[in-house]
Structures are given as C-alpha cells and as structure tokens.
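One structure is given below, represented as structure tokens, and several questions about it will come after.
Which chain is which? They are A, B, C and D, in the order written, and residues in each are numbered from 1.
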C-alpha cells in the first residue's frame, strides 16, 4: 500500500517475523507473523498482554533466541541490512553497539560481582578501542548523564548497594554508552514504583532528545505507552493486530481488541461503576483456533472471521488485522479481498509522518 | 471431567520414561527374588549351606569343574573349599542385603521426616538444638565408629534377647546406618518446611483458622512426600553399597550366612584363579544399585514442580 | 578383614598357627644315647615319606653349586620376631639364622632326606658331645679357628655367657627355656631359678651358674651339669645355647638397635623393620670354610624384604621375573595358587619343575575336646566318629595341607611314631574318612546321655570359617547341636586357655621342638605340660609320662610314647585331623646343592626353606 | 470527566442472601486500628543474638473501616501496607497497638511509651471465630493455592475447619461459591495447575467467601493479572461487595485500580498514614505533598493528557532509619517552595482532619494550591544534566 508522502526510510523494519518454540508438549508459535517498523529517532510503543510475544519479538531482533526457540521466517531490516542473514560476528558488532537492550528486572540483568563502573567500562571498551582509563572515565560520565548523584563514588559500588531505580539508571547508562541508534526497552519500569518510574521515563525522554536514538518500548501499561510513544503497535497472541501513530490508536482504535483493552482499564479521575470487560481468556498457544485468534472474545465476530484476517490498511498510516470496514462498520458480504493479496499490500505499508 | 491429580500426572510422566520403567521392573524382580529366595533355592534343590565336598578337588580346595565349578546343577559355580552353591548364596545374600537396606531406609525416612518437621516448624530453641544435634552426628567418623562398636554393641543386642548369631549383627547394621543416616534427610525436610510455611497458601490456611496440626498434616506434609520419595530411592542403594563395604571390613554378617559384601570380600583371595567369584556378586550388586539410582533420577525429574505447571 | 585374614590364613594354611607362640622345630629320630655315632636310626616305617618332588632335572643344576649372586627372602611380617640368638624361637627364623649368621655347638644335617636331616652334625663343637654321670653331665670341645665377625676367637666363655643370658627372663623373653629347665641350679620356692641372669646376678648367684657350667683351662671345652638325666641334651643345645660376646651384649635391645655380632659366614650389614624394610647380610670376612665344614655359603649376599602383601608375593614368586628369579618366600604357597604350580602333591607343572615342593611341616593338627566339660568318653567317641575328616581336609586345601592323622605324634618323628589304628579297630569297627553318623548315634545311645549342645572354637578366618561349617554339619548329622564361636585370630590362644571363655572343643595344632615325642605328649596331655587344651589330668597317664621322660634308652622310650599316644586317642582327649604339610616355592634362578637335580626340598628339622643349601644358578 | 458514583444496578447473580451478614444496620465501624506498630528486629552482634536495629515497617497507624465500605490503602513498595494487612489478620505478630474487629479485640499491646500493662490477645477459640468473619485474598494466584488440593478441597477447607463436616453440605456450598465467582461448577475436582492466573484468583476469592465473612483484606489481588483479566476480577469484587455487603481493606500500588474500587483511600509513606479521604476528594484535590507527587507521577493512558510531572528527587529512604520529623521532608517539593521550614525536620506531623472527611499529616497542608503544584512541576525539570 504505497504511501502518499515521501516514504521515510525506516530505521528498523520487521516483516512477517515468525519465531516458534518446539516444546515437549508441542509447537508454540510465540511470534507468528509480526510486522512493524521503527522510524529513526522515534519511539514505537509495542503493547500487549503477557504471552502475546512482544518480548520474543525483541529477542528475535537481537537474535538472542536459544533452543528450543528458532526464528522460522521473516526479515528484520536494520539500516539497510537484514539482521537474520548476518553472520554471528557481524551481529555481535551490532548487538550492544548499534542496538542496545534493557530489561525489566535490573537486579538480575546486572552482574552482582562487578562494580557498576566496571560493567559500563567493559561495555564501552568491547565496541571501541579505548584504553582502560578512558573507558572508566566514560563510565563515570555516563552515570552522570543518567542523573546518578555522586557518580564517581557510585561507579565503585556493586549493584546490590543500589536501589531499583538507581540500578535501572545504570542499565540505561550501559546501554547508551555506545551511542546506539536503537534502544529496545523491555518493560523497563514495570518493576519500579510509580514515582521512580516517572523519573526513568523523564530520563529516557531527555536522552532521546539529546542522543536522537530510536526507542522500541515494550510494555503492557497503556499509560506508559501513551506517555512515551510516537507510534504504537498492539500485539495479541503472537501477531500485530493494529499499528498506527499513538493519537490514532488511542482516539480511533479500529481493532476490537484494542478497543476492549482501552475500555477495560480503570482511569484516574474517570470513575465508572463497572469496567468494560473482554470476556474469555487468551487462546492456548498449543491449540490456536482457526481464523481470527480474537474471534471467540470479539463482540463483532462474523462468519468471515473464520478465515484469518490480514493486516489491512484502514486509514493513512493505520493498519489493522480485522475484517471490519475501515470505518469500523460491518463490511458488505462477499467483499473480502483474498487474504494473500491484502497481506502483501500491507507489507509495503509505511507510516505517515505526523 | 475429573481433574488429573498431581500423582496421576507424575505417574503418567514416569510411564513415558523408558529408563525408569526398565529399572522399576528390575527392582521388582530383585525384591521378588529377595522375598521368594528360599523358595527359588528350594526349586533348585540346593541351599546355600549344604556342603558339596565331592565337587572340590584336592588341589587346595579348588572346585573340580572350570570357572569355579560351573555345572548344570550349579549354574553359577560353587564356593572354594566347601562347594556351597553360589546361586543359592546369591539369593540368600540378596535377601539379607535387601532387608538391611530397606529397613534402614525406612527408619532413616521416619526419623528424618519427623525430626525435620519438628525442627522446621518449631523454629527457635528446638530448631537450634536439633540443628546442632544433626551437625554433631554428621561430624562423626562413621566407619571408625561402626567398626569399633560392632563387637560391643552386637553383644549388647544379644544380651537384650536378640537371637544369637547374625540376627544381632543385622540389627546392629540397621541401627547404625539409620542412626547416622537420618540427619541428611532431616536437613532437607527442615529446609522444605521452612520454605513451605512462608508460602501464601499456608498463610491462607492460617487466616482460615486452621490449627497447627491441620497446617502440618494437610498443607505441609503432602508437599513433602516428593523430596522424601526422591531421597529414599537414592539412599537405599547407598545403604546396599555401605552394607557391602562393611561386610568387606568384617563388620557384616558371619558365615555361613552371606551377603553381597561378604561374597565380594571372600572373592578377593581367589580373584586371580577364579574371577567369577568376583564378577557374579559384583554384577548383581551393580545392577541393583544402578537401577535404584536411575529410578531416583527419573523420579526427581518427574516430580520437578517446574514440570508440573 | 581382608589384610588381617590373609595374613592369618597364610599362616593357617602353612599349619603354623602354633608357630608364633609355641615355637617349634621339627626333629627326626634321634640317634641312640651313645655319643658320636651317626648311625641311621630306624626310619619311619609306615608314614608316607615326604620325599621332595621328584622333578625332572633342571639343566643348570647338573653343573653343581657355585657361589655368588644375591638371594632375596620375601616375607609378609614387618620384621623378624626376634634376632637375639637366645630369644629366636620361630622355626623359619632359627633355620635362616643358623644357615647364615649364628653358629651353635651342634646343628642339623643339611639334607633333603628327612631322616638324615634330623641327625646332628657338629658345628662349633668337634663332636656330638660326651654325656657322662648317667647323661647328667655333657661336655663339648670347641673347634680351632672359630671366630666372631670381628675376628675375635669364640671361646667357651662366650658360649657360657650366651647360655647364661637365657636366665634373665625379664629381659631375654620369648625364647626357649631348656637351659633353665635342665641346668643344675637350685630354684626358688616359686619354681624360678635362683640365678637371675648375668645382668642382675650377685657374685653368689653367678657362682651358682659357674658351678653348673664350667670352662676348661684352655677355654676350649665347656661342661654342662644337669639336674636330671637328659639322653638327647646334644639336641637341646641347638636351642638358645649360641655364643654371644659379653662386650657386645646390650641386653633387651641386642640385635635390634645395633646389628648382632655374627659368627656364621654372613654378617648383618643393615636391618630396617616395617613395611618396605630390609635386612642385608654380606659375607663375614672373618669366617673361614676350614673352621666350618658344616656350611657352604654359596650366595654373596642375602636381602630380606619385609611387609609385603601375601597375594602379591605369591604372584611374584610364580611369575619369577627380575630379582624374584633368585628369591625365596617366607611361608607356603596360598591354596588358591596350588593348582597353578602343581599337578598333584608329588608332581609339579612342567614349567615349575624343581621350583616347588610339598612335604611335611613340623605340625600335627587336631581338635581338642575339653574333658572337664565333655566328661562322658562315649560322647567324645561319638564326636570323633561323626567328624567328616575328609571334607575337613578338602576345605583346608586338600592333600596339599596334610595326610589324615591317627594321633598327635607325626610320622616324621621317626621311631616315636606308630599307627594307633584309631580309624580301623580302636572303636570296634572301621570309621570312614567322611565320618559315620549312624555309628555315632549308637555310641550316643550307649553313653546313656542325650547328645549335648557343643560350642566350637576356631580362629575367625575365611578358611577356618568354612572348616567350622563342615565340622558343624557333620556333628549335627549325628544328632549334636553345634554353636560356632569364632575368636579373633590375634587372641585365639589367650581365649581358649581361659577356662571361663573356652568352648567345648576347638581347633589346635602343635609341632615337636626336636625329634622326640617328649616335646609332644607331655605338653599336650599333662597339666604341667603347658599346652593341655584338653584339660586332661589322668594320674596314671601322668606317672607313665614321667617314667617315659626319664627313660634313657631311646627305643624303649619310643615304645612308651607310642603307647601313650594310643591311650590318649582311645580316651579321645583329642580328635586327630591332619599331619600338616607345606608347599614351598623358589625363584627360577635358584637351585639347591643336595636337592634332587638341584630341586627345592623342605628342610625337615624346621619344615623350612633349605637356606644353607641354596645357590644362584 | 468525573462520574458520580452511579447506584449499583447490577442484580446479584444468586438470590440467596449470605447467612453471615446481619440484616439490621450494624454499628458503624467494623474494624478499628489504633496506633499499630510493627518493627522487624535486625539481629547482629557476635552470636546474632543482640538487637542492632529494626525495620520500622508500620510505625503508628490508626484508622477504622465502616461496615460495607471499601477502604483503599495505596503507597509505594516499602511503605508497610502489606505488613499492615498481615498484622491485622494476625498472620504476623504486632509490636504494639490495638485492633478490634466487629467488637472482638484481636490484640491490645501497650506501646513502648505507654504505662506498662499486660498485653491482651484474643484466645485461640475467639480468634477462630473472628477468622471466620475476616478473610484474605492474596496477590500471587500461583502461590496462594496448595498445588496438591483439588478446587473442592481448597474452597471447602474453611467450612470443614469450622465444623461443616457433612460432605454433601460442603460440596453444595462449594458449588454455590464457584458459581458466584464465575467458575464452572465442574471444576470442583480439578487442580490449581489446570487453571489460568485469572481463574486461580477467582478460586482464591471463592475460598474467602466460603466462610461468609463480613470483612476481606485484599492484598494486591489484581497486581499479578493482565489488564483484561484485571477488569474481570475488579468487577467481580465490586459485584460481591454490593451483593453481600462485604467490607474490603483493598491494598494496592496501582492508583487507578484503588480509585476504581475504593470508597475511601489512605495513602501510606514509610510506615505511616500521610493522608486519608473520600476517593473523589483525594484524586480531585490531594492535601499532602506526597499524594500530589504520587498522582502526578501516574502516566495517563491518553496521549493528549501528557502532562508535566512533579519528579521527586532521590530514592525512598530505608525504613531501618527513617528521616527525622516528617519522613517525607527529604524529598518534599512543598518544603523547598516554603524555604525548608524547620518544623518539617523537627516535629513529626500528626494526621489531622481538614474538614469534609479529609485528613492529612502535613504541617503545611493548607499551603497546597494549584499554583504551588504548577511551580513544583516547573521546577522539576529534566533530571538529565546539560549536554556533555
């Protein structure tokens, strides 16, 4: 589906990514057709409930999928290169240097036996040819950049001596120490208290402005997504079900799941007696229903939903994996384009630049 | 639709594990032979005690037939000098070995679980005292004590009315092995109880007004039998090996009774001339111990809670 | 159990359980009282002779003995029990010392033939000694040119001093005590001699000894005055009468701290005990063949290796590689290896021809019955009749460990032995070797008492454990109930000698000190004898024994011992089981001077290796 | 856009009124908590015996819960809200303070300063009776159900312990409870590992209801659940309260969730109650600087309402040695604006009523105004230092 305005080359484009897990109990299609794109310097919010495959997507991008997981198909184009075809040593140059990643549990992602300064210095020297002293200085500098008071002393401390918020800042410092073009943040503030979360989100916004890096922010918290994202992709049961810019997704959601999600969260100051509910539960990955995976829980379910809806362009820069008409109404019968053709069109989607 | 209880799931998973099944069959056969030992020996019309001097040559007590007197009547050969049937000895020896190791394991489990729970649940002084007691026992030089006390204690046992001869020595072995064995299990059980009592479902029961006894027996104990079972299947082969070692060191049963250990001990003298005396009881012992260990491992994997989700 | 048992079972299989305590030496028929005649005595009549294995000729042996080379002696013991000449009392030790470092007045002939070997040959003395005053006085004259290793001549005073050391029983302990028993020195009320030995004797006490043992003016002739007529005192002087220079004597530590003063063809260069310890003997420069027609010291050096594992020793001797080619082994071949080297007791496997031999050792084996506990003779007879002696022997090791015995006097004691017909006519009917349970039951019913419950004592070793099972099975077939009471080997004899701990019957063994049954019947069956496990105390029997002891006419004395042997068997004070045999082996590189075709033979008097007759091929 | 609290239009799923609830209007207060203190001693010294300090988890909290009310307790980690819940349930022994539930004193232990008197504890029988009336729903659906008991046994355990020995009667009650929490009655023989997180939480709730309690302590009941499941459980809790007249003490860190379900909300910071008010008042105009900061920190699920925030400096202090005077003074934006008045560091503020049911523990609560908040937001600024 061509775009109208000059297509802005995407920094990272994932097309029809499939990552499956051969577990003892059967094949789990954790990621089964994910397509999304991140524009340079912009933040893509990837939102979805647990088990929807958002973390697996991130790990696939970083090619950190281990047995029994395997990236089955699809392409991940970053800066013009398909990461899936890269040999391991070249991938190692990108990982941590061009693309950095931070995780949810800061406690477990920092090595308890090394001081924070050493860990950052190590990350820096691995990708640059700095002497040890230069790397150490760079480490202290990075700690100051992420707003850690008395950085010099803190550099000599071990992770267990720091609070959750502080440790997350060290993670960010380490990730940004190599000036990556893209920062993948997997549930960065989920484990933090709300006031500390606010500090980290502010920090990420400030660093984004200053370094101009793109961010892929993965979270289940619709508030955090709204706060940080330029574009949003909603995932459900291993697939992207809706993508657009943040305003569109929140104001004019097309996919019933997105609508249900937005309606079911309690909002501060907007007390309602009863929350709208998405009935039922997420389908069991071991025996997924045919057709649209959301059909059993969807208030708009129609017979056509028995065949899998493709990711269709429903508006300028707004795709949705649902048979509902672009305006959200019921489509006339028989009008459904063949699934394959629609899918192909969607693949060339570009996101309009608001 | 009736839910599949944990026990059923574990049994289903075990059944899928071929190794575990083979070991289970072997062990059942061993225990059957153990129980039916005398009957089996009866069928072969031979007891381990009857002497067959006719089968022995004048050459220093060497059995006439080759490979230690292997013949139709004595498929595994006969003992040097006395001509007693090795197969019958093996069957009777197996019985004694199994009796000693199984009873010792049961006593170890009972002692270990009870003391483990008391220590884990009572906390405070009792826990401290029991903990130190366990450390004390674990610090004992087991072999030294066992060997030096064997004479004295077996006599004490006979004075207490235990029938003469091997009964008191077998009882002595059982008592010593379980006395020095229970702390290992007690520690595991104590650890489990300490972690279980912190679990929210125990707090929920307390909040429900359940008493101390109900918490122990309906909340904590059912979650303990998995580690206990695994420990038991791994301790039993240890005790079999231990009994064999003690017999080797002369603390085991007296002739004319034999166990795997004493058979191995006697075979060393003739190892150059009649190696079968070593290999036959040796192989039987190895198969028994390995089967228990493999079964224990398979059981541990089957019981692994992570697997249960 | 492993290490401990094997050590004991080795000795058990050798039949020398008694050796460590009782001390023994074989003997053969002594010549008649008259001095110096070396006429052959009446050889053993019926007992199967223990000829050395008639092995096909070994080529090297044909060229005759030559000197040179080193002979190794492998032993499991950590050290020699005693190196002090007055204290050595183990058969194998005495045989080795006599062939190498110590000379004594008289010595046994070096010969493969049992009878010849049990006759004396003059060593330091010029002749077989001269008895006088009714055999209460004996004089011996020393040869010329006999010296100690430092070259100093051996004088009558040295022999006298050596003999006097035996009296210091607190320091010189564990050795033979015939000097105390026979020398004419008054004794105290408690029976101990008034002379306390050279270290503590006052002048008066020393005078007592000097009166009993006197030296001639030229210090060459020594005279012993005895307190009783001893027809074979010239045999007694082979036990603890060796010369020791007073200057070199260090009392209790003599021979241990510093090497002892040697008089024989070799001297002790070094002696280090314990596992891996060694004793090295090198040629004594001051020894001359002229002064010692008795010995032919062929090897240049002897090396004794201590603390070796018995099973390993057996394998090394069988494979015989490297130094083991010129090695001898202390103790016999283990039962399980017999089949490897022997076809049957009298023929070796071809590749071991001349290197192995099976023959009598000094010991007679029997089962003592405590007559104080089993008073009814009929019951004792039933026990004897019921016993399955054939399987007893088979378990012990078959023909190799001995012949089925009919008494406690062994055929190798020459004229003192005569068949007792115990198993043929004594009980009125022939008793099969496998025992006769039916006849035993008859005897029990005749005894008028029920078959008692018996406790059987034996040393707790695997072999004896099996023997005990056979004894139990055979007696229980006759109606007895038998409880097995094993005793740790280390304290077997201390237990069975303690009336409170002893059982009803048990395994025993005994070797004559020298070829006279006077060292067998009195010790075993008279209370004063010192080894009366049967607790026999029959007054008429005791007086007969005293008479026999005093009998100076050897052939008459022999008749007395034969009668007493038969009487003891009739009263079933013991059930004879085996006349013990040993199986020895030597390295492939060794040969013997007088053995058949240079082959190995058992030296009768001590049932030991022929140390004095071995040479490197 | 605020909606007033619409009357409860939902009709209860099953007509039967739970026997436990007294028909007549009970006296107003169901639960009274007076000056509750809970310190966790830190052992140290040579033998680990001597007391070297204490984590002051709950440091003097007083409040009461009216019958039929849902009192929310919100605060960040380490503020002591979960400990408070467990101490009230007597799952943890209190250091001092008094708790009275429906007229029955659970415990009354003199505080250190008070004149010495013997502490009072409800006897075991009394406690058992109280427990029948006071239940709990835990956070982690996987840990709060005994894996080796079937659903029937789990939900039926309470009644069994309280004497309902007849199997039939119990089973009927269990089926009723399962139906009431929206679970299929056939699940009675199934085991916990066969259910999803949301379903397990329903089993936990059914278990609590089986004793027909008047009061349920919900300790972060939905925090571990996904958003869509969360709303189902919140609705369930709401319906049950309306239908059975239950009283909730609802503990959570998600302000939106607490606002949704509570009638009144208490905000806790470092072991103390800093503010207590009706739910609408507290969100519309908070009267404690910490509450203001807390509310401003929550990101709105609406891109249009991205707002500047008050960013508190530094980390939450350690409860082992809390700051002197007002515990929030080290991070308080209001104190900065007021030029760091000395009172904040010397005098510990008391929770005082400010009218219309609002209580706040801040000496200068009256100074909080929209303008003050705006200038605080401005001064927060990015925490990132200037360009290197």
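Note that contacts are C-beta pairs under 8 Å (C-beta built on N, C-alpha and C of every residue); 3 or more make two chains touch, one makes a residue touch a chain.
Note that the coordinates shown come from a computational prediction; the quantities given were computed from them, not determined experimentally.
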Margin query: I want to compare two interfaces, B-D and B-C. Which one has more contacting C-beta pairs?
Written below: B-C
Margin query: I'd like the Å distance between the centres of subunit B and subunit D, where a centre is the mean of that chain's Cα atoms.
Written below: 53
Check: How many Å are there between the centre of subunit B and the centre of subunit C, using C-alpha atoms for each centre?
Finding: 50
Next item on the list: Go ahead and note the Å separation of the Cα centroids belonging to subunit A and subunit B.
Entry: 56
Notebook entry, point to check: In whole angstrom, how far does the Cα centroid of subunit A sit from the Cα centroid of subunit C?
Noted result: 99
Next item on the list: Go ahead and list every pair of chains that touch.
Entry: A-D, B-C, B-D
Margin query: Please output the residues of subunit D touching subunit A within their complex, sorted ascending.
Written below: 1-3, 5-6, 8-10, 76-77, 196, 198-199, 226-232, 234-235, 238, 253, 255-257, 259-260, 279-280, 283-284, 293-306, 309, 311-312, 314-316, 380, 382-385, 387-388
Check: Hey, which residues of subunit B end up touching subunit C in the complex?
Finding: 49-51, 53, 56-62, 79-82, 164-165, 248-250, 254-256, 265-266, 268-270, 272-274
Check: What residues of subunit D sit close enough to touch subunit B in their complex?
Finding: 86, 89, 91, 124, 127-128, 131-132, 134-136, 138-140, 143-151, 157-158, 161-162, 186-187, 189-191, 193-194, 204, 207, 211
Item checked: In the complex, subunit C residues that touch subunit B -> 1-2, 4-6, 9, 311, 315, 334-340, 342, 344-345, 388, 390-391, 394-401, 434, 462-463, 465-466, 468-470, 473, 483-484, 486
Check: Contact residues on subunit B for subunit D in the complex?
Finding: 1-6, 199-201, 203-211, 214, 218-219, 222-223, 305, 308-309
